[in-house]
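So that we are looking at the same thing, I have put the structure below in structure tokens.
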């Protein structure tokens, strides 16, 4: 056993000890803590019924066939022609945000909601009427603490309670 | 009342309570949790936490044990059923058997023998046979390779480990563990013959498949080695066996090198036992800590460490002991 | 080295093989050869220092032809900037082509993939009998052929 | 099991195996020595090339990202570059710098991913946890820039989707300093650990000649002493204006491949610093697209730093022709070959990923190694089965 190898063994073990007694921790304690996401996070999508001009660009650009144009029965009858509005299928959505970016009237918007669980497959499909009611609020067993990620020179990443 | 008294008779108390079954079980519960906690701390995370949160998830192992209990133990159709089911029991039993010959105080022991060191060392060599058998009886290629690896490891650590232990026996001129411990009232064995101490520590971790010698059950190569086909509580048994073996060897190591129950303030079996237990526990914990530092060696590298490094070192440590004796270092209580 | 120089060099090298050489800015050279001269042309290019193949593209023009493009280049400093496409047309009813695995070992898996997905036979490639990406039991139209249709949904629900 | 008279044992490693990934390695072993090993891939083939023929040009962006999740930017960038060649447009300067920034952040966390997986393959769970933990600050930066953790879909024809958020440069600097400090501990505990050295040095040696011959790419090529990097060979994005070295190692063994990745992380950090210092002001979307956006939207888009797509993007038409693009991703060179016939979808799209080009190494490097070396070599290749299967 050469000397340099022994030194390397010692260095490895000492580094281990250093972290055993003084290391940082990077864990985000989800779901007790939930992270406040940055501006522009591509989460679930919000739909504004009134400003929509029914151009169907969102459905055309959707790469996953998640956004579809639904015939809006009531409006079609009222206006005497076929009126279609977008609805979304979250079992397919890949959160690329192309629909939001192409919407010419900003009727589709990003929200920061992403951690929603569903009981059934059907619940995840939102026809226009439901789509326009906004995104579901995630249910937590205990009210979580909002934290934000602080990038830190010494500890890498640190989660601090968010100022609300 | 008589039954309680009977319980404290050494020949019952030592195998069943301390340092035997109950203590081993307690240690098992704590050390598996601690191993995960230690690794987690080094790895910038928390480890098990949510089962009894105030104490950092200390009863996680109990929760795991319950899960093992209720999990269906699956016996592969192609396996040799008798051997498959019997080996874990023998493995666990034999891993823990040597404890009967370990004394816990100068006056408290199940039985005293002139050759108790040899008895303990001999009994510890029985368990690996069943690991090899386990690999064979599973009828799985990965299990087989794991069993063969265990076999190769056994022949490369056994002889140097014996020699290291014997070198201490030479130094103390005794094979009796009680006498060996008593001889270290002044200087501990680790100071007199540090080479043997380091060597034996290394071989102890090697014999119980601790990192960096976690070779027979190397996950990324052979799934879980001999244990691949085991599930449910019989898997729990085989997993516990290697910890129990490490615990027993740590007790012996403490007696050989770390003064046993010395320094002893009062000659009370409880105090002496606690002293011994703490030392053994720290050794097991050190083994757990090494998981966070080392990856694993390859089998051929481990074998060459056994024969090319540990074996010469053990011979040298025998020579050191002989020189010390001839130099007139008299420590033997007679 | 400039693109035109490389083109001239290739033209000289492949003289007599009936190769059409053209170039496209900034760094692309197209070499079109007949199937019977492919191995020879490839060996010549290899001699010039084009030491590996980046991609083998098979293109299906239904009822007309198959095209196989070997996108080759070099790891040497002087040539690594350039890409040289070696292009072969195959008759549609006879998609066989001599394998270039002897010239460029790097095409082993790429040719096997094109065989697997497009049904082009690379004669001399040792892996022609084995499936690569498709299941071993697959026995339909090679999926990258145009006659293999993918169901497409419209934008309507 | 083995019949009498037979020496070799056939081991089927994967697809259900802790360290096989989504593939099967068919190994013939004689004792502890591997006689022959053949990779059996295709378990996660998702027919990207065929799907591209029915998807519209913009819809292919998320599609090409999916096969290599840890290294999405390389595929995204390579595809868009091929598209831009066909469209004949050049993104504005600021967009080029932003592309470079994301590509380098992605290279760092892709390398950390590979190093971590390699660590656990040779048994060091600490290396795994450290690498994955330290990916987190980089993912956080990327998330702030793009709005997603891994599937960025950030690069679009003619530019990028988001502008640099205020203060990101400063936060990035903090992360880089953190990583530099951590590197020392990585070396002490892992890279210089004698057990790691024993497991990796001299294992799976790839000679310079073989590396070139087999068309190997990325860090695996550079570890064999070939100084080839697309960022130098055919510079793209902002690389012509940035200073960086091509990292090479001479040994060609598993450890050299690991070292190339580690040193490339350091090199990428150097590039990120330069990008943040040098990034010019200006638009982030090509003017021909920007002028198609309604004026009111254009205003708010500039304010928020988030690009709106012009409506032509929904049905982007690309002139007929062929284009080939290549990009140096984390794992190596990504090559896209697009054949357009002027319609809404490519006529043929060929996507060659680095893992697919490196898959040949499994049979080449494993002849005569020991069983325990299989994961040590596998991990050192940073091979990602979905990326190879596409």
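The first chain written gets the first letter, and so on, giving A, B, C and D; residue counts start at 1 in each chain.
Note that in this section contacts are C-beta pairs under 8 Å (C-beta built on N, C-alpha and C of every residue); 3 or more make two chains touch, one makes a residue touch a chain.
Computed from a predicted model, the values in this text were never measured in an experiment.
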From subunit B, count the fewest steps through touching chains until subunit C is reached.
-> 2
Most centrally placed chain, judged by C-alpha centres | D
Can you check how far apart subunit C and subunit D are, centre to centre, with Cα atoms defining each centre and the answer in Å?
-> 24
Expressed in whole Å, how far the mean CA point of subunit A lies from that of subunit C is 42
Specify, in ascending order, the residues of subunit B that touch 2 or more different other chains.
-> 42-45, 292-294
Shared interface positions of subunit C, touching two or more other chains = none
Would you please write down the residue numbers of subunit D that are in contact with two or more other chains?
-> 126, 133, 189, 193
Which two-chain combinations qualify as touching?
-> A-B, A-C, A-D, B-D, C-D
Flag every residue of subunit C that touches subunit A in the complex, lowest number first.
-> 153, 155-157
Of subunit C, residues touching subunit D in the complex | 27-28, 51-55, 57, 59-60, 69, 71, 75, 77, 80-81, 83, 85, 104-110, 113, 117, 131-135, 143-144, 148, 150, 152
Residues of subunit A defined as touching subunit D within the complex | 5, 8-9, 11-12, 14-16, 18-19, 26, 37-42, 55, 57, 60-64, 94-98, 101-104, 106, 110, 149, 151-157
Residue ranges of subunit A touching subunit B (in the complex, touch as defined) | 1, 12-13, 15-17, 19-20, 23-27
Considering the complex alone, what residue numbers of subunit B touch subunit A?
-> 38, 41-46, 289-290, 292-294, 309
